[in-house]
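What follows is a group of structures, each given as structure tokens.
Note that subunit A is present in both complexes that follow, paired respectively with subunit B and with subunit C.
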Partner chain A sequence: MKAGNILRENNWKKIFGRGEVTVILAVLTLGIIFTIFSESFLTSYNMFNMGRTAAIYIFIAIGQALVVIVGGMNLSLGQIGGMTVVGAGYCMEILHMPPLAAVIAGLLVGVLAGLLNGFIITALKLNSFVVTLATSFIFTGLINGVSQGYPYNDIPEGFTFIGREGFLGIPFLLWLAAFALILLGYFFKYTVTGRRVLATGGNIEAAKMSGVNTNKMIILANIGSGVFAAMAGLLWISRTGSAQPSTGVDWMVISFAVAVIGGTVLKGGVFNPIGVFFAGFLIVMVKNGLVMLNANIYFEQAYLGLILLLAVSLDSIKNIINARKLKESLKRETIKQ
Partner chain B sequence: MLALKNISKIFPGVKALDDVSISFAPGEIHALMGENGAGKSTLMKIITGIYQPDMGQIYLDGKQVEMKNFRDAVAHDINMVSQEIQVIPDATVAENIVLDRLDKFKKGPVVDWSAINETAEQYLAMVGLEINPADKIERLTAAQKQLIQIAKALSSNAKYILLDEPTSSLTTFESNNLIKIVRKLKERNVAVIFVSHKIEEVLELCDKVSVLRDGKYVGSKSCQGIGRQDIVKMMIGREETDEYLGTLDIRDEKVLEVKDVTAYGQFDHISFHLNRGEILGFYGLVGSGRTELARLVIGADKMDKGTVYVNGTRARIKSLQDCIERYGIGYVTENRKEEGLMLDLAVSTNISITIWSKIINKLRKISVKKEVDSVNSMIEKMKIKTPTIKTKVGNLSGGNQQKVSIGKWLAANCDILIIDEPSVGVDVGAKKYIHDLIWSLAKDEGKSIIVISSDMPELITLSRRILVFKDQKITGEITGLNEQERSYEEVSEHIGRLMA
Partner chain C sequence: MKRKTISVLLCAAMIFGLAGCSTPSAPTKGNGNEKTSGAADGSATEGTESNLKMAWYAPAPHPYFEEVQKGVEQFKSEQNVDVIIQIGPDWTQASENEKVEALIAQGVNALSIYPCDASGANGLYQEISEKMGVDVINFGTDTAKPTTAAFAVATDVKQAAFDATEAVIKMMGEKGNILNVLEVLEDPNTALRKTGVEEAVAKYPDVKIIQEIAGIKTQEEAVNKIESALSANIGKIDGIVCTGFVTSVGMTQTLSDYYEKQGSDKHIFTVAIDTDPGVLKGIENGIVDATVAQNPVGHGYISCMLLKYLSEGYKVKEGEYFVNAGNTLVTKDNMDSYEKDLQAVTKDILDSLTTKYLTK
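Then we have the complex of A and B:
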């Protein structure tokens, strides 16, 4: 078998074969289009703002990617974010706790919610779809029950600093997102646990048979998902200066869109930090650019859905073509023998 | 007459069928035999339209036909009773029998249950089943379900019926009954294509036997006046039986000892041991307990009672992680695609998964250099053909995938290896390579190996001692294989006696 010959592509093909290149090209193309058609697009004010939103989208996407990597999903991601927001807001406004304590409380909400999801999925051997669907309703109920639907506006000045200021003209939020992605890139490449999480997503049975405690990995991934949702929630408070109970309701599509466009394979086993970074920008640009182009904003969700569908189909089409090519070439080799 | 002319079917890396021509005549019971991987199931799938041949034609009564799927085959009066019994458990007996034509039984807009049951009763009588057609099918035994499938085939007016190892899960009494039914089918001028591993059964029942080997048609013979040896010769060919690998340096030291393993409802006090440097064979049919026992030992499933000793000391294997990291036992699964490999991940990941925890520095960072070195040396050692170490394992051929599946345990430097169906789904060349590899692991590196296989020539070639499994019991042990050269026929007959 000489599969080598057909798989050895030229360098250009190799560069374009990488997942993140498509996203970067899409970001550039959209950027050029919006710059041409709108004067206010390429302004430092707009760039700064987009950077802040993209950063939070990246956190949301990481929250989803972590569970998608182990072959699962988290439909309660937005609600975990919402609970964190309400929890932190409640701590600060009602209990008059200092911001740091409120942050810790918020993160704790994320850990516990993720642990709950992960524990139910592994202990009862249930599908992550049904489990997180059910918990998303539970969490929604808790959000509404505690907040009664009212926002907490008594947020200390120090809390909004991270969400509104920047360093070297780049928002703190974006620095944080980049840092989180680098950390995760390291985690998945250089730590045993990170590798085992990826292996679990690659094929849970094979990972188990190779000595990986897959239940532990699934629980870990779900806790990670909860923590990143919580961080996104806290940063959202910091960005807007108010703890809105409605935070998170639109996160589900965004989380999948950014994660998948960023090269996170829905079957699991793959994480691409660079891809996720640019995918965060792509989604923000679509939303932002549509406003600039005076598109009907009521259709926004439809555009996002279409983009998500396009992203998953492209990946799938690529796989089908590759599989067919491989089979043909192997067939030729076999006949020759 | 159903005639296959020059049929070839190619899968990535394997020529599953190579220029096969066979014909099946009405009123004839025609056995199709061959070892695992010989191409029987591919041929059956081509006859029933599930696969399409890459080359060659199919003729029905002289006319060329093209079947794109199973429905086409049924429309051409071809039907199949598969090994995995395919019935809809929640439906009734009658519904299962007339399933394909449920829409024909209507009284106005609603289903005509009495007509369905009447029709079903008629076909049940043909296969000698006295059961109520309105019964739920899940209550029936495996043998009865098989007869239901035959009734279903008859009800679709099948003139060609394929039986895929129909007696493999039946008791002797049930098998005899089935054989009677098959004879009746012959009287009804049906062409029966009978796939079986059981030579005696074929000789007794069939008119004609055709043999496939390595995807090629070896020949057909009338079952009149031939014996077991003639068929064996056709099935395995000469070259494999004569392969004698020599002797191993087996020490009288138990590296693995399993005592009184009990799993309620499955095993009752099973014991065995493995010596250092030995290749021990587990022979038995699928479901006889070989794989299940191995899974209990390695901690993949829980045993209720029993003790395991590794190198003479009591081993408490609670999980697969224990088994690998604390006791150095590796298990190469028979389900490569489901349990062995992460097909969408890189070759390197698939090989190095067992060593990650061993190649970290003080800061718990994995040394990518050590990982790459280890993977490269394994690729070289095992002659794994892959474009790069980053290539997805799913893109390799079956033989190379199997090498990766074994390679990860060699990378982990396991002293004890349990290899389940080492050559399942690989071609002849890769099979030979894997056999040589297993042999050299024991001979040159002193590893202790358990080979689980239902491929008798493979097991006899490799093993220096064989345990025979039947119905979750070890029915016997064949020893003395390391001390003297024994003929294939002698050992296979011994196994046959232990299986009876």
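Then we have the complex of A and C:
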């Protein structure tokens, strides 16, 4: 009986020791609070919409996380999304290309932009911050130059199917995001290339000595980042039925917030798919909840910051409590001896 | 070695790129008889016969500025006056300052400009108007007072918000709940629009603002916030007023999806602002009921015309500053003719410039 209790206690400790637990707890706590204070929070319409937004945030966060994992960053993520949107919109409205061809063209934009970032970073041994900052200007210029600021509204109706419909009451977008995270989780845990990418970010010198072609891994991560940014852009068109050149303008903050709150370590080497999934929801819930509670429009940003700060502090609070407990138990052990 | 080769190639590409971007001949400040053959990126100039060296500056590519530019082009061809047309890279005052300073260095002495920051732009204006003698006119929006700008040619935003709200209220049968969708809180115009909406609602005792949403800079934010507000008030919203371009586009996209999910049994009456193609399409489809069309072509033409008169020795009449370029409500019925109405407004204003706003 006593052994059973210890086992159960250890299991709980293991569960609560996982990185994503705090973000899950934060989501649950906020969910309960918003449900108590707003009768509309748990409606199917609201849940569906939050699911769609969270899905887009997850794609954006994956785009950032992939380069953060190798110790870099992508400041041009939003612009890659914007270029994809403009490229796909241009293909459909101006060139009258079928949606599938436009999607391929959009993804190609992501691949090429990511390749360009990765190539410059590795070939010239430049910091990813500087390179992606520079390319973000190039991409902005291309977005403005091609679109002249005009949106593309002639998007075929079928294109909005994925963005607006769902399966089992869950938006297709969220299914896609979950699938992408599972795929990435598998990639990083069970494939050689995935482990090499993580190793590159964990300790680049050690990875090099182990025979990992780190440049190749960095280029691969940047291409992946470009592809996920492109996917987020395409899914956004699918959701709204319009290709707006301003898409992606505010992605940078979202990408870092979701990725880091979700457990992606800025130093690299760590990716937490479950954490990213719930972090996407956390950000969406806070924003949605503030509107639900009819928060004062002038102080809304302050509330947003406060709630996020509290949510991310949970992890530190958990660590402090754990450290204290460990200290106390060590003290007890010393007294016993 | 490989790195060196790439560096050399990149340097060569940069040099060629810069050569491609540079102007064939930089214009100089003089008597104005010289013909200018080019300008900085995004600009175009033609010959001129007077001391006037005019420039028009928009902060970033945007459909609204495209329309304003049409007015400037029309002014150029009808008045035979050169105008350097320049569109900046972003909506920041810092970029605007840099670009304008470069224009002044080229000898520009008359400037029609959209101020990025209502207060920040005044510092720039003060410098160029007081030290360099440049005539400055705001178009599209106003700067904070006091300002050294001679005029502001724009829509009376408070009145436009009032008109839009009143139109929604009439459609609602003068009773029900309104969702007030505002845009960027940092923009002083937002406060004016808010007041306009609130004043219109105050006129009708059976109408109330059920919720206000704001702090919206991007279309994504607009979609998410409007969706959240609709979720929070399902079945309770009778009308929506959007007084910003971004929110209007976002509302159109959100409502088409909302009707798909919630059904269109209960119609939400909506009035947007500006004539984005998506919003006009929404009016055609019956998703949006109306939009307030500003007079962007007039903003361009009138501001340049005022600068021309100022260069000819006209002075600003005391007490005159704001030129309301007018606005009109676009519905399904007048979608094809509203531009003519605005042209008529522009003509009336142009006819009254030297009598109402200026003096010799």
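By definition in this document, the second predicted complex is superposed on the first by the 282 of 337 C-alpha atoms of A that agree within 3 Å, B and C clash if a C-alpha of one lies under 4 Å from a C-alpha of the other, contacts with A are read in each partner's own complex, and residues count from 1 in each chain.
In the analysis below, a residue touches a chain if its C-beta (ideal position, glycine included) is under 8 Å from a C-beta of that chain, and two chains touch if they have at least 3 such contacts.
Since this is a predicted model, take the numbers as computed values, not measurements.
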Which superposed partner A:Phe167 touches (first subunit B, second subunit C, both, neither): neither
Subunit B versus subunit C as contact partner of A:Gln301, first or second or both or neither: second
Contacts of A:Thr240 with subunit B and subunit C, given as first, second, both or neither: second
Partner chain(s) touched by A:Ala207 [first = subunit B, second = subunit C, both, neither]: first
Which superposed partner A:Val291 touches (first subunit B, second subunit C, both, neither): second
Where subunit A meets both subunit C and subunit B, residue numbers: none
Residue ranges of subunit A touching subunit C (in the complex, touch as defined): 38, 40-41, 43, 45-46, 48-49, 53, 56, 123-125, 137, 140-141, 144, 147-151, 153, 164, 236, 239-242, 244-247, 249-250, 284, 287-288, 291-292, 294, 297-298, 300-301
Of all residues in subunit C, those that touch subunit A in their complex: 2-3, 6-7, 10, 60-63, 65-66, 89-90, 182, 185, 211-215, 217-221, 223-225, 227-234, 246, 249, 253, 256-257, 260-262, 276-278, 281
Contact footprint of subunit A on subunit B as seen in their complex: 10, 12-15, 54, 300, 319-321, 323-325, 331, 333, 335, 338-345, 349, 353-354, 356-357, 360, 364-366, 368, 385-388, 391, 395-397, 399-400, 408
Touching residues on subunit A, where the partner in the complex is subunit B: 1-4, 7-8, 189-192, 195-196, 198-199, 202-203, 205-213, 265, 267, 269-270, 326-327, 330-331, 333-335, 337
